[in-house]
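One structure coming up, written as structure tokens, with questions to follow.
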Amino acid sequence: MSMILAALLLIPFVAAIVSLIGSRRAAETVTVAAGVASLVLTVLLMPVVDRRGTVHAGVWLRVDAISLVFLLATSFLYAMAALYAIGYLRDASAPEEDTIRHVRRFYAGMNLFAWAMLSVPIVNDLALVWIGIEITTVVSALLIAVEDTDGAAEAAWKYVVLASAGLSIALLATVLMYFAGTTALGGSYEPRVTLLVAVGGSLPPTVVKLSFVLAVLGFGTKVGLVPVHTWLPDAHSEAPTPVSALLSGSLLTVSFYAILRYVQIAQRSIGPTYPRTVLLIFGIASLLLAALYVLDQRNLKRLLAYSSIEHMGILAIGTGFGATIALVGIFLHVLAHAAAKATAFFGAGSVLHKFGTQDMRSIRGGLDVLPWSGPLFVLAVLALGGMPPFGLFRSEFQIVTGGLAGDRFALTATLVVLVTLAFFGLTLFSTRIMVSPGRDLPPRGEASGWMVAPMVLGVAVLLVLGVHPPADLQRLLELAAGELRSVR
Amino acid sequence: MAHVPTVFDSVANVIAVGVLLAEFGMFRASMVDSQLRLYAVQSWLVAALAAVVAATRHVPSLYALAIVSAVLKAIVVPWIMLRFLHRADVDLARISKVRVSSIVLTGIAVAAIGFFAIGSLRIQSPVLPSAALAIAAGEVLVAFLLIIARTDIVSQAVGIFSLENGVFVASLVLAWGLPILLALALVFDLLVAVLVFAIVIRSLHHQEDTLSAEVLDRLKG
Amino acid sequence: MSPAAVNAVQVLTIALGAPFVSGAVARMEAVIQGRHGPRILQPYHDLAKLFRKETLAPRGSTWVFVWAPLGAFTAYLVVPLLIPVLTSYPLPLGYMGDIIGGGFVLALAGFCVALAAAESGGPYAQLGSSRAMTFGALVEPSILFIVFTVGLITSTDLPYALAATVRSSFGEIVRPAHVLAAAAFFMVVLADTGRIPVETHTGTLEFGMIDEARAFEHSGPLFALMKWGSAMKQFILYTIFVNVFIAPWGLASSGAPQSVALAIAALFLKALALGAVFAILDNSFAKLRLFKITDFMAAAFLIAVMAVLIFYLGGG
């Protein structure tokens, strides 16, 4: 079992190296293989975690229920993005030599990105978590700029500056938490998450409060919480589509994982109220701003990016509610959002590819032109808006239930209103481009089957998660919620 | 009136103030060369602080950290940045959009806010005086101000690096016992970040043919 | 020696030694530049020559033009009574004023000179006068904060007290508030005595003249008094810096003639060392453009504010 953890860390790294030196075919194959292998390994871990609670590999690697949820989301997206990328990169019409270099860089970058994102939930050390997220920042910045389009360099710059500034704050938070731990653990110790959670009750409250707020602010920069979200719309809209999917679907949530660990430690020291209040503030702010911005978007991918901010806000609010059912909701939300956002981005990528522009005012008649990705895109967007029977409806419903259970009626009402607002914005724009008839349409047909297959998978997963999540998964989610909630 | 701080405390505080003053100095430096030089000076000061702590508080792992961070941050980082800039063949003089004296005054106010906010928490560390933590917090805030006030991307990048310096000083105060492996991993991590910064700057320069940040306004809303 | 006699010797030392310090610094500067340079005692010869010349006053100037140099000179004679020049203990007249009082008297002197220059009607004199007043105003906040630091460290604002405190232990020397206050005061001295990077001490570049221009319209004995006063001001500022902030040793602890004589020698030694530092700075940096001088003032202010803030943080 512990071999699985080591394998999860090794496989994407090896894939990156192979992509860097091999042919296009080799890079494609090894990336897809790595993605599928990670997914399979993660799924294999599920029954073990259900039964035993955690899986160790030495003291440095540890997967518990919370980590496993994020691992599932990330590895699933890894596989999907790998499949999509095959079709996405196959249409390059540049000369051969340039293309092969570009392809190698692309796949190597994707594999490294996935490696970094997979490592964050596995490592058991607060400093290593920070380092992992920092590595994701640098790799994703390079990936955003890899295609050399007009806005890409600007987006990459904003991303790297803001994310680095935010992560510096997060480093300060890590160091403060370390300092808090020194009162109980002595001057020099390994800041393992398990260790800090264990001694949580004896940590000095002032330091922990400061550390927590800085952690939310710092890691929240990478999650896309308002007001440190300003890099997000640019970065997610200018990046190449598979990268956008990974960014929106996995990276945001992996950064939220870091915040969850801080919640775990902090609530043992200062009680659950303070962390929840902080998260609620940031969550509502994010949801409000995102909902308002969604109503005023012209760029398709930017619209989806703001939707990501909205969903991250929902995650924060759910954690802020704190009831068990709400926490189950947020973990389900992580999985469902990954699937939905990725599918939506893939569809947007197909639209961009077919119509040559992202400007929604000039795109019409998508359903006529894209027989597969069109409807799938519409379904994904409906899912993002919270429509039943998809998984996001179930998770949001659970979060709302949690809010009502905690007597937070005003906040829950605000949540529902804002989500509805965002739903209007999302569906209005995206269905308009799909359904309204248009003239001078490009030729009908999908660019590549590779770009459609992941979308089918995504929607299928959404349906499964919404209608009837498998029992194993349900147990896993409840286990994770229990772990997050425990204060002793 | 107040007690006299010990010699160690005074020396540590003076070095920390030096780091802060170097940060202020970057406001004045209109040429990127001088900014990078100030960053190198700042990095030497930070490494000196680490060495002083290692010597007087008997934390030998900090020696290694001091040496590695001095080499990486004071020598390698400016070298990388300057090489990229010279290869990009770019005019290195830039002017900030706000006058120096006004922004120094704003910086003093911001630093004072940071001092007293962190100072009021009375965080006592056995390794360095708590004033050093307050100074580091002030330095972080002033670095943010620097990033905001600058209109060219290289200065913003140097601003981020000096921000890391401030956090480094704070971590010397708070996490002096962090296992050496982790500390070294952190420092190398920053080096990788620098490389990425340089690459992105190059790519931006390639796109826009300028290093001014004022052209970065295409993506809005 | 009686305290009154020591007091008198203090004033005489400053008054008679000031041209010597000026001359020595000018000689050091020239040597660094590779020239032979003027005689060290040249300023004395200049003063003697000027006292023999006739006085001219511009048409339209009033008694202010004539009496202002006298007023400034008198003020410069008063200040040495207040600061630790030769002794480590306060002399009777030393309680007449504290640091702030000394600052006021120095400012009074500057005011007299500026008034006379403004009154003279000559363009360069007025230029220098207005610039001096402006930059003087910009230096004031830094001086204030330095005084605050002195007050915070010693709970009084007698310069003698700070000198005693600095002498008392090594910890007092390296304490951040003291180091920063000394650094800020160094920059203030630089600005007030008209040295690079604020002004070129030698030469008559009208674009950069501040202090030098104020005496432009005076002639004869009045000009001699102006020059002498300016040299005294420089010596006084040097004295405050070395005897209060950085090197308060070598001061006489009793009124015995030998200790006083030793104290005089030590004072000159320290002042010349400081002068050497200024000479080296003169030759190492370029003069700042006029409107960049505010950057310099801002830097001095920054350091002075840091001194006070770090005191309140408990670190200094």
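Letters A, B and C mark the chains as written, and numbering starts fresh at 1 in each.
Keep in mind that, in the parts below, contacts are C-beta pairs under 8 Å (C-beta built on N, C-alpha and C of every residue); 3 or more make two chains touch, one makes a residue touch a chain.
This one's a predicted model, so the numbers in the text were calculated from it and none came from an experiment.
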item: Central chain of the complex, centres being mean CA coordinates; value: B
item: Interface ranked first by C-beta contact pairs; value: A-B
item: Whole-Å gap between the CA centroids of chain B and chain C; value: 37
item: Separation of mean Cα positions, chain C and chain A [Å, integer]; value: 66
item: Chain centre separation in whole Å, for chain B relative to chain A (CA means); value: 31
item: Chain B contact footprint on chain C (complex, rising order); value: 152-153, 155, 169-172, 174-176, 179-180, 294-295, 297-299, 301-303, 305-306, 309-316
item: Residues on chain B engaged by chain C in the complex (per definition of touch); value: 1-2, 4-7, 9-11, 13-14, 17, 20-21, 24, 28, 100-101, 104-105, 107-108, 111-112, 115-116, 119, 129-132, 134-135
item: Residue numbers on chain B that touch chain A, as the complex places them; value: 121, 123, 125-126, 140, 144, 147, 153, 156-157, 160, 163-164, 167, 170-171, 174-179, 182, 185-186, 189, 192-193, 195-197, 199-201, 203-204, 206-208, 216, 218-219, 221
item: Interfacial residue positions of chain A with respect to chain B in the complex; value: 125, 127-128, 130-131, 134-135, 137-138, 141-142, 145, 148, 150-151, 153-158, 160-161, 164-165, 168, 171-172, 175-176, 178-179, 182, 186-191, 206-207, 210, 233-234, 237-238, 293, 296-298, 302
